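Each of the next two complexes has chain A plus one other chain: chain B in the first, chain C in the second.
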Partner chain A sequence: MAKIALKKKAKKSKALKPAASQRTWAIGFIIAAVVLWTFYTFIMFRLPYSVQTVFQNWLPPTKLNEAMVWVICALGLNIVVGYAGLLDLGFVAFWAIGGYSAGWFMSAFFRQVNFHLFSTVKPELPGIHISFWGVIFIGGVICAIFGVIIGAPTLRLKSDYLALVTLGFGEIIPQIFTNGENIAGFNMSNGTKGISPVDNIGVPGKALGPFDFSWKFTIFALLTAMMVFISLRLRTGRLGRAWLAIREDELAASMMGVPLMRTKLAAYSVGAFTGGIGGVAFATHVNGVFADRFNFSISIILLAMVVLGGMGNVWGVMVGALLIAWVNSTGLQALGDLVNTSFGTSINFPSYNFVLFGGVLIFMMLFKREGLIPESRLKAILHEGDDASANLEGHH
Partner chain B sequence: MSIFTTGYQARQLRRRYLERTLGSLASVLVLFWLSINFIKSPSQFFQASLIGLSNGILYALIALGYTLVYGIIELINFAHGDLFMLGAVFSANFISIWFGKTSSGPAAWGIFFLCLLVVMTVSATVNVGIERFAYRRLRRAPKLAPLITAVGVSFCLQFVGLRWNGSGPKTWNSVLPAGAFHISGVSIDYTTLFSFAVTIPLLLLMSWIVTRTRQGKAMRATAQDQDAARLMGINVDRTISFTFALGGALAGAAGLLFQQTRGLTSYNLGYQLGLIAFTSAVMGGIGNLQGAVLGALLIGLIQGLNDGLPIGLGQQWSQTVVFSILILLMAFRPTGLLGKPTTEKV
Partner chain C sequence: MKLRSRVFGIIAAAALVSTTLTGCSSSNELIIATDLPLQGSSFDSNDSTNKAIELYLKQQGYKAGDFKVKLKIYDNATAAKGGWDDAQCAANAQAHVANKAEVAVMGTYNSGCAKIIVPILNQDPTGPMAMISDANTNPGLTKAWNPGEPEVYYPSGVRNYGRVCTTDDFQGAAAAQFAQSIGVKSVYVLNDTQTYGQGVGQAFTTEANKIGLKVLSSGANGEGWDAKQTSYEALFTKIKALSPDMVYVAGIFDNNGGQLMKDKVKVLGDNTKVKVMAPDGFTGYPEFNKMAEAEGVYLSFAGLSTDLLLANNPTGAGATFVAAYKAEYGVDPVGSYPLYGVAAVQIIMAAIAGSDGTRAGVQKAIFSGAGISISANDSVLGKAVALDPATGDTNAIDITIEQVKGGAETTVTAWTIK
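Up next, the complex of A and B:
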């Protein structure tokens, strides 16, 4: 319900100034978050059991939290792909590095040391235990450093070569973690067994249990809001305008004095930072890090989210991410069950997600390149060279 | 003016010097590693090289499809590896299920060659269809659009493979002659010889088509300048379709050979092999046909040596080695071994 209301608001505000439309979206986001939080915290368990089951099937609260993690990562990818126009096909690498930062700094994995920093975990437990709030920062910074390392030598390349390098990076990092059980005698990642459990998120004076939905929801929603805020502020600032300039015409941008390398690197590292935050959040969400979860399809799903929602438009990406995350986690299953029981069929709906994501990418690119909730500037460039009339339409 | 150029040149020189030093250091290390292994066990060394080369020639067939398409429309066809996978699944069904051949024999070899023709035609048709419906409309769109479309096509093809082949890998009996002969401790499978015997004529045929025929000339002209080619009366759309057909046919042949020599199909085969093949194409200099074959043989060799030598990182690091090479190549020599240096790097 909240989503429909949001869409209506967006349509109405198209004629308004961009700032006003942003405010409408922001208020919509806050209202939706508060409504969902109140519903799942206070109302749901009072409803009759049968109604509760419906909600558990269609939108269980844990999946809502997971969707928020996807939104955070998609916002990070949006900075790289949507703002700066660099295709990154290995975003899963940052998710993985972020996840393992949580594994390293928020668990009993490194038994040989005993280090506690603002953690709510009992001080006698071995291992490195840093507060969640510190670890999201550390994870983000590690990812940003990796972003710079991988970006510095390759961002000079043509865009499609860059896509390949990032793809390779996205393959190497998970393999390093998978094989990282014994690197010259050092157990870096516990191999395929993964690192589990990870410390719970601590809020002042309280350690949250792994199933504490409400608090986690609040924290993830806050993180998402923070990422949205950062994305929007960056976009209107000097750096954001430089990104858009590069996306639209690299040569012209460099002639106007935009330092190409530095600007692209900034996009890459900010995107990576966000991916790291998403990774840490996901690790606390599933209460562990497991190497085999980090595969190529995560990169593609994130890309599909960005493309579906509307590259470059923060709110579009958020809607796209929520939609795809929901379809991927429970939506398709629930829909399949509904169809199967009402028509007596036995179609395995989740097995169609490959063709669903592939189809989304193809059809969006062929027919609606700018996404569901387009950003007007990007719409203009993406339809450059279609034909004369489209060009005219685009320039406004 | 001169101040800027000297500053720029100095930086270029320093960069080139650094690259050359690092390059020579890396080659010395690799040579050292190879010679240690060679001294330790020569027969194992040759065996690993042979396995590597037989993989490499398979990569060459796939890499050519990448390089042909990139050469003509500058698109990394992510779906190409999955086309290869479909070729493999198709061949397995064609030989073992539709014709029921599960053991070696003259009749089965006949079916093998029939399958070669059919799978090449089918893959070529599929590839042309993909180009017609997905890529053609995006030819003038910004680069991001066709790339994302190619990723989408790749997922759709994987879905077909998943439906057709099931979610796990499937094993099949080969119809190629089994057994091996031995030369001083190195065993050479008959299937390896067989795949060489099929691949080498195909590669020669390919190079004949591109360099000697009218259609090949049209391809080269289109690759150089589409508008100029159109002005000279070349049907650019048809030429691009032909290129996709050629690449698709080679991918189909590679699929058949892979399925028959490894006896294995799985829906996500195309992704890994496609990436390796693309790395080979980049290594040789993308757009360059001889380069793709050379790169594929080298990558195959590197992989074979890494996996098979007594002192090496071993198979579990195989992908990491290949992709590290890809990243290093992209960073230091994006034009590849045989590619011409281009000024455009943006």
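Up next, the complex of A and C:
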């Protein structure tokens, strides 16, 4: 199904100018997805045990799925930061709200009610059980609403102040969930114990187990493809051009008749919607939601993904997200083990994670500000001359 | 067009590789996995558990009945969290199911982690896959405790989880009874807000109210301490005004327990003035025992401490095993959980021996019919151990009271619950 969606996109984008490169990327994405799917579904478990262990250490299938969730969230942040140029340091809040939407609407958490809607769980089980496909939408919409609620009063602020407000928002929301065990007697979030287990994803004919890796991979790849499609279509549309205009010069954009508030709010809510989808997907991935997880570092990692990959370029962001998610989960650990065993050292590589991130970000800002796979427009501006790049710095 | 043909070429090549590899098959060696946190401050104890299990398997010639077995170690902690991590627990659970040679899991150490892993193993289409824990004491995993428990952890309707340690409803009650026996009249209960901490805090509070200890903290499970806080002086200043005889710290040491103890001594004075008692979540941490502020802290352990076990049965299987451990690794096992880890593996090995070598077979051996029991002669716990096939709980309900003295855990007494 991921294939179909992308093929459609590839066909449609033919008419557009940068179609050739978009198409190459889309085909690349399909090939990568199909090859990985084939490998992990049919080939890996047939390999000798020692070879399997190598793959389990370097890129286990579950971590691949987790990386897809990171990609979805990074794509959402890319709309806010990359397209509209609004620095958001609290994106984790949407991930959290999306996650708790899954906890509320697809688990036995609210035992006082018994509501089932297209769910594959046994009907006698109490709680709210809505199908994953519905909850994705609900989670996205709740996040979009929160995006507007938070955005409306704060988007009047200029860049740096906006960043500070989003930072606060990103801290407050997870705290509410952490302490939401007893709000005037009402248990909203189950505190640090979190909500688990959440229902399995239902596909026609069966309920997926938590370990149906291949199915989940397909679903997550499909969601990613959908977010890529939405991002690319929005980018070339009226709204996308308005976002870019705001990103490049807010004053000029408003003089040209771009409604600043409405356009910014749209960016915020579309980004939040995507974050919500990522949150729901992550909850089904770990089979629960836990308040401890939603800390500030997630916002920063997401931002690093967008900056490293190339602000505004969905394919760049995807590559950046996959790369950082991999380093974060197994890459650095596996690399560290390799170094330690070959040189007899005992360095704890994962503990240098953030040093590495910081270093990479500084390096990128100094030498390759437009990211690994830059957006053509941003690249053109950055290489136009000192005046233009100085102008752009003011926005980020 | 060119690109498209290249795509087909790659897919065709992949298909070819997959068909050629179909012929290979893995050996018939079965794997027992351990799933414990191996980063952060609980490393010492859990590393010792893994070593003990490896030694035990070696002693058994890596054989359970007619089956060859080997150990595979999983780590459910991450460096970033410095302890068990929810996403890592979920990833491990999926890896257990994906690894076809694995037939059962020994673990976890933390009840919160078990609550993530058990439902996943429970839905394994080739299982359910059995998991036996050495250290999960939260009652809700096996018996009615919080709303919906324990059914919520067994979506397939069949049990697959058991444990060889005692549960917190007994541990909390024993701690309250012991506190009263040493002259404590009033107590303030703190919890670490996690599954385990709140559970044992609740059990302690309930029993304390029942036997007439004055509980100064409000709430069913005491007051939560935030593990991310850098100082607890404000918390203890508030407690000081109530002047309790004892503070009961329900939680695990990993959750900033060191800072908590430092600030307790700083504000309320040393542990002879206002006593401190903690559950098994503070046992097995050399780092904690060596703290000056830990001196005199009472601890309870949901089983027999290794000291007590050796004193009870100086010539039994447990004593022999501890001697062998010392001979192999040059040190004693850390804390008392390593022996319980071996006891859990004994259950798993007996189940494998009595099964057809499949996951479903191992699960059936433990959770149907008469279940599994290990005789007093064979058990490393020095007494007969049997798991109830209906619930997975052990028949051996033991509580040990310990005290930190001179930088080490020392056994005070075995506690019989009244």
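Note that the second predicted complex is superposed on the first by the 363 of 396 C-alpha atoms of A that agree within 3 Å, B and C clash if a C-alpha of one lies under 4 Å from a C-alpha of the other, contacts with A are read in each partner's own complex, and residues count from 1 in each chain.
Please note the rule applied: contacts are C-beta pairs under 8 Å (C-beta built on N, C-alpha and C of every residue); 3 or more make two chains touch, one makes a residue touch a chain.
In this text, all values refer to a predicted model and were calculated from it rather than measured experimentally.
Student: Record, for the superposition on chain A, whether partners chain B and chain C clash or fit.
Tutor: fit
Student: Go through the superposed model and pick first if A:351 touches only chain B, second if only chain C, both, or neither.
Tutor: In the superposition, A:351 touches chain B and chain C alike.
Student: By the touch definition at the top of the document, which applies to A:85: first (chain B), second (chain C), both, or neither?
Tutor: The first partner, chain B, only.
Student: With both complexes superposed on chain A, which partner does A:252 reach: first (chain B), second (chain C), both or neither?
Tutor: Neither: A:252 stays clear of chain B and chain C.
Student: Does chain B (first) or chain C (second) touch A:307, or do both, or does neither?
Tutor: first
Student: If we overlay the two complexes on their shared chain A, which of chain B and chain C does A:292 touch? Say first, second, both or neither.
Tutor: A:292 contacts chain C only, not chain B.
Student: Give one of first, second, both or neither to describe whether A:47 is in contact with chain B, with chain C, with both, or with none.
Tutor: Touch partner of A:47: chain C, not chain B.
Student: Using C-alpha centres in the superposed arrangement, which angle lies between chain B and chain C as seen from chain A, in steps of 10 degrees?
Tutor: 80
Student: Could you say whether A:362 touches chain B, chain C, both of them, or neither, answering first, second, both or neither?
Tutor: first
Student: Counting only touches as set out at the top, which of chain B and chain C does A:339 meet: first, second, both, neither?
Tutor: neither
Student: What's the minimum Cα gap, in whole angstrom, linking chain B and chain C in the superposed view?
Tutor: 6
Student: In the superposed view, which residues of chain A touch chain B and also chain C?
Tutor: The overlap between the chain B and chain C interfaces on chain A comprises residues 351.
Student: In the complex, go through chain B and note every residue touching chain A.
Tutor: The touching residues are 74-76, 134, 137-138, 140-149, 151-159, 162-163, 271, 275, 278-279, 282, 316-317, 319-320, 323-324, 326-327, 330-332, 334, 344-346.
Student: In their shared complex, at which residues does chain C touch chain A?
Tutor: Where chain C meets chain A, its residues are 3, 7, 10-11, 14-15, 17-18, 21-22, 24, 26-27, 78-81, 86-87, 89-91, 93-95, 97-98, 100-101, 112, 115-116, 119-120, 123-125, 147-148, 152-153, 155, 193-195, 198, 224.
Student: Could you list, by residue number, the parts of chain A that touch chain B in their complex?
Tutor: 81, 85, 87, 89, 150, 153-154, 156-161, 163-165, 167-169, 171-172, 175-176, 178-179, 250-251, 254, 260, 296, 300, 303, 307, 351-352, 354-355, 357-362, 364-366, 369, 381-386
Student: Quick one: which bits of chain A touch chain C in the complex? Just the residue numbers, please.
Tutor: 24, 27, 30-31, 34-35, 38-39, 42-43, 45-49, 56, 60-63, 66, 108, 111, 121, 126, 191-194, 196-197, 200, 209-211, 213, 285-288, 290, 292-293, 297, 348, 350-351, 353
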